[in-house]
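Order of writing sets the chain letters: A, B, C, D, E and F. Residues in each chain are counted from 1.
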Amino acid sequence: MSFKKIEAIIRSEKLEEVRIALEAEGFVGMTVTEVKGRGTQKGIVLEWRAGEYRVEFLPKLKVEVIVDDFDCERAISAIEKSARTGQPGDGKIFVSPVENIIRVRTGERGDKAI
Amino acid sequence: MINAGDTAWVLISTALVIMMTPALGFFYAGMVRRKNILSTLMLSVSILALISVQWVLYGYSLSFGTDHAGLIGGLNWLGLNGVGQEANAGYAATIPHLAFMVFQLAFAVITPALITGAFVERISFGSFLLYILLWSTFVYAPVAHWVWGIGGWLRNMGALDFAGGTVVHITAGISALSMAMVIGKRKGYGKTPMEPSNIPLTVLGAFLLWFGWFGFNGGSALAANGLAVSAFVVTNTAAASAALAWMVVSWIHKRPSVLGLATGAVVGLVAITPASGFVSPLSAIVIGAVAAVISYYAILIRTKSGLDDSLDVFACHGMGGIFGALATGLFAEKAINSAGADGLFFGNPGLFGIQAFTVAVVALFAFIVSFILAKVIDAIFSLRAKEAEENIGLDIAQHGETAFS
Amino acid sequence: MINAGDTAWVLISTALVIMMTPALGFFYAGMVRRKNILSTLMLSVSILALISVQWVLYGYSLSFGTDHAGLIGGLNWLGLNGVGQEANAGYAATIPHLAFMVFQLAFAVITPALITGAFVERISFGSFLLYILLWSTFVYAPVAHWVWGIGGWLRNMGALDFAGGTVVHITAGISALSMAMVIGKRKGYGKTPMEPSNIPLTVLGAFLLWFGWFGFNGGSALAANGLAVSAFVVTNTAAASAALAWMVVSWIHKRPSVLGLATGAVVGLVAITPASGFVSPLSAIVIGAVAAVISYYAILIRTKSGLDDSLDVFACHGMGGIFGALATGLFAEKAINSAGADGLFFGNPGLFGIQAFTVAVVALFAFIVSFILAKVIDAIFSLRAKEAEENIGLDIAQHGETAFS
Amino acid sequence: MINAGDTAWVLISTALVIMMTPALGFFYAGMVRRKNILSTLMLSVSILALISVQWVLYGYSLSFGTDHAGLIGGLNWLGLNGVGQEANAGYAATIPHLAFMVFQLAFAVITPALITGAFVERISFGSFLLYILLWSTFVYAPVAHWVWGIGGWLRNMGALDFAGGTVVHITAGISALSMAMVIGKRKGYGKTPMEPSNIPLTVLGAFLLWFGWFGFNGGSALAANGLAVSAFVVTNTAAASAALAWMVVSWIHKRPSVLGLATGAVVGLVAITPASGFVSPLSAIVIGAVAAVISYYAILIRTKSGLDDSLDVFACHGMGGIFGALATGLFAEKAINSAGADGLFFGNPGLFGIQAFTVAVVALFAFIVSFILAKVIDAIFSLRAKEAEENIGLDIAQHGETAFS
Amino acid sequence: MSFKKIEAIIRSEKLEEVRIALEAEGFVGMTVTEVKGRGTQKGIVLEWRAGEYRVEFLPKLKVEVIVDDFDCERAISAIEKSARTGQPGDGKIFVSPVENIIRVRTGERGDKAI
Amino acid sequence: MSFKKIEAIIRSEKLEEVRIALEAEGFVGMTVTEVKGRGTQKGIVLEWRAGEYRVEFLPKLKVEVIVDDFDCERAISAIEKSARTGQPGDGKIFVSPVENIIRVRTGERGDKAI
């Protein structure tokens, strides 16, 4: 019994496409968080009343999907394709181990809870 | 004789101008970081509470009471003793004296509130209240008397200030400058961005200010007559023209923002204030547009200077007020207001001289006194919040609350 | 004869007072949890819709129509039949009868809206609408008639209520008490914190209320005259004084918050309401400050009592209204309003007696009737939302929307 | 002769109507996605700046200047030359001509702002400003002249439009339709939900609109008289009745939302606008309620049609305005306004014919001209923001700012 | 030295109950994030001005508790019980490994930092 | 190929210092989330209209940095130093394993994607 957490930082405007791509692959469950991030795309210049100022963090969304080990690659590639624009700031996907899953409603664990 | 139409107009104008102080609070609060939204609001609204009482007790008397040597009003109207439901013909012949008093109250309240933009996010609330009380007594009251009080020396000299370019905006803008110098920069200023956290709040504040300014300038006619209408019209025109000009300038620089447009509108309103009872709509277009350009670059310069006049009170109100007072000396027409004077462009260079002199005197006076007040309070109580309070944010640290949960 | 100035003043005052009901909605909405912001707003604004129609159909007639035994108005003005563009000299000789009607409408609307603070976050929306309709018919209409209607028995006895301390604030505050008793506590009340989720919204509401209150009290002169100005001035003064007093008291306790200052201002406005046409500015300072202290401790006591009058309608409006009505009996001066009376402090203890009697009668009547209404509706339809609805929040559960996305 | 009471009323009405344009901005901004809040606000407030200047320069003259063949005003009042502090008896005999001018300015500003609801979240800001300028010149000015200008052909024919059902709401609603057709759907429209991101902002806007509408309709009497009061009363009544009706209809469907109630109120205000100077309160109840039901279903149909008139300007303002104009032909009474006419229900079918004809002519004219303007600008500059801008959101992409940080 | 991160997605209205249940078991430290999620409970229908629209994501809270390995089950069951309503949308609990913990204030690591 | 996720819960006002400290060590990429937390510092007392009330959760920021195994200690100590005030509530750092990283823009994986 082993699962993966796929954590994708994506552009806010890509959420719908990612959701649809994941759903098409059968991944319905997911959790989304509003985050701020920086990376290659270092920040953004905004307008002050006169002149500009630089903000170091950009609004992004973090999409978390917990999947079975063997579904992992399928989910990753669904996200990759739907989130890509080719410009800096497309985001990253992090994969990490999850040891157990519990469905609160029923108390089911592991595979059955996903 | 009391005229009901005039009274109705002055009352509603007063209500509008009183509403402008909380509106200013919103205008300012939207531009600070989220952790200081409420403390910024608190600065404005606590002034409304404080000065409303001060004005009734002695502020009005000091500003408009029987003249002493052209310099200050007497104490004859302490506690509004003798200020009643009949007219005071010297100030306004067709409305109750109390109506004139409360209209002036609204101005006495908003003027110090303007200054607060200079020291948001780091002021100690207790020291702040003390500063405001002293400032209202030692800066506002004398200047109001000089320019507007019967017997005031600048008024007698022929200085024109229809609705408060000098009394309100120059005193506030200049005092903001001295305050910014004394209190110093916000921690991290210049290094980390100080993002405006709630621009819709600022826009709301700005357009409530625009709305209220119809009372500010239109009400300054103290009657619902042609002059009030004229002031009303040029107010709207200058605000619009300045907003447009600001939009164009920032577009040329890069992009037109709603924050910029709102700022431009306020600057246009500031600049037309002293002139509003004396100029034509076409002049108002020019006054608004030029004021916007001046303040735009004043902000850019101020930003580079490293002085943390956080919400650019000097660049907007100080420069706007100075330009407006001078522009009155250029664009005023007796054809608009026979009780006024012609300006330079209408053949009377003398007025410009008087206006320039008035600006200089008031700016100097306001700077010196406000600087001294700030220094003295800072020495005794510290103007500045503790470092830990500034870090956490004044909302939680000084007021025990957070804007949003 | 219709006077344009008086008409202009009453119309704009009416607009201001109508605007106060949504403002009250914001004031309240900012103090509830995020999941109930919209439902709280909905309570106020749906009353504006409902009672605006009710008043036109029969409410006005019931309150101000031809008197029956001093107890209730007749049905002669159903559907505003006979209420036209000419003046009704009995109520207001210089403005159209329709203007008086719509000014009163604004009061009939905001009064029940005040009560909503007692049962936010758990009321069933359908039962609520029914309650309001019945309350307006069986509590508001009679009391308005007794105190303000021509022939009303309390009016005839000499009770003074310039702008609604008794008719508006006591009825609302007392009914809030009975409602809080019948509907019971919010789930988790006393165990988990019920954080105010949007204080800027509350502050916005509070200062729109302050703004609108100039119409509330100033407009109650029903003319743009010296009395209107006097009422306007004391309104601002009492609000400011109460806000300051609240700030000081909470500072002594711990810290001055903007939520406190805003609450204090509203309490000051409440307390001055009945007195606003009869007292001087200096009296207003006292009235505001004392009212603030009373309501401050009333909230503390209420909190400890475990009664969930969620937004302290009783402590603010009930206690404020009662104190204001009694203070009228102390501070009223014929020198301010020759149509009024002198109070205890001006040599006439009789007035205080009348005021105290009026307070007692109205409070008792409002409590009994509102309690019965609440109990009956609760028994038949349940006043309370389902537990699951309360858990999820009424915004989604009852109205299908969320404040922010 | 200038009357102070009338002047006070028209001035404060004007201030209210000018405030409505930012209020509309908030009403709209709360209904778009968070990334477009500021750009939506910007559309409204930049129109206030732009058209305020345009109106002074030539808009007023074109609309109200000396008539040419019933079709358009002359250039005699360019730059407000000759528009002064004395009355223009043809338009309003008791207030300064400048007051009539600036009251009309407020209408010229808000009308194009209404259209913006059709193309939020995807418009190119530069093309938008050009569109508005041309639209005001080629649609608004002629129609205003036809219906309201001395010598205007529809006015001469006897068309009744008290406060702008035809001139304001039909032109705006119909032009919104053509704009929605030309600019096309938002990306993702119909596939992904376009959630309203800040309903409190929308509610705030809606009730500031309600508040301002007292000036819109009440001020259209151009005097503080019985007619102004009557217009004021029916305005409130229709808004309330429509809000209630909307609540009931959506409750029957599923649940009553505050967003729905606010929409209903606005629709009621729209529908009563043309009729407000001619109908009784009971008629207003009917007009409001019927308008609400019509617009409710118009939105449902529009949604299914796939046309992305994003904030339903046509369904609310177009349909509301058309229905209101026709209802004027049904419910108007000379008993309310002797300068008006009786409608069908009061024995004069002719008026209904005139109203229907006016609606048809203005709708057709507005559609054709606005369609051509949109097509031409789209061909030359593209009406639409770049796809990347639309994706990121116009706030950051076009204006360089975010609403909240 | 080994720890677990317990990540529970719960109904927003259940936070207080979960907090109290955890505290009763001695778990004071926790971190809460506002998230939006979907799963079995696919979305929700909200009111538009007229008619309805469907939103794909529902507001939820994510509660994170880092615990010692052997405390893990106790914490999970405290959450499970307090967060359950029995209706779809009760949420999930994910358990994943944490290798180290550092208390910023003191620099303590591992067990002592928890 | 092995990475670590460093999850630091810090005081909101410390973000800028932490960002600068991390950047000085060469860590540009990071993701920040607004969270509410409790721990030793149990809550805070706020003002009600009259009197006070206690709130159980305090606003904090969660900073997530994904790093190469061997960079981990450097990143941790940068955060530790910059986030410390010495008062309760300074926060915690949690370290957990990450198995893979994907750069959405390019599809690069592992080391190259960081």
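Assume a contact is a pair of C-beta atoms (placed from the backbone, for glycine too) under 8 Å apart; a residue touches a chain by one contact, two chains touch by 3 or more.
In this text, all values refer to a predicted model and were calculated from it rather than measured experimentally.
If you take chain B and chain D together, the chains in touch with both are A, C. As for how the two copies chain A and chain E face one another, under half of their interface residue numbers coincide. If you average the CA atoms of chain A and of chain F, the two centres end up 18 Å from each other.
Mean C-alpha positions place chain B and chain C at a centre distance of 34 Å. Rounded to whole angstrom units, the spacing between the C-alpha centres of chain B and chain E is 51. Once the centre of each chain is set as its mean CA position, chain B and chain F turn out to be 44 Å apart.
Multi-chain contact residues of chain C (touching two or more other chains) are listed as 3-6, 8-9, 12, 192, 195-196, 198, 204, 224, 254-255, 257, 259, 399-402, 405. Residue positions 33-34, 46-47, 52, 55-56, 96-97 of chain F are each in touch with at least two other chains.
Pairs of chains in mutual contact: A-B, A-D, A-E, A-F, B-C, B-D, B-F, C-D, C-E, C-F, D-E, E-F. By the touch criterion given at the top, residues 4, 8-10, 33-40, 42, 56-57, 60, 62, 76, 79-80, 83-97 of chain F touch chain E in their complex. Within the complex, the chain E residues that touch chain D are 46-56.
Against chain D, in their complex, chain A makes its touches with residues 11-13, 16, 44-47, 52, 55, 59. If you check the complex, the residues on chain F that touch chain A are 3, 5, 19, 28-34, 66, 96-105, 107, 113. Against chain A, the residues of chain D that register as touching in their complex are 35, 188, 191-192, 391-393, 396, 399-402, 405.
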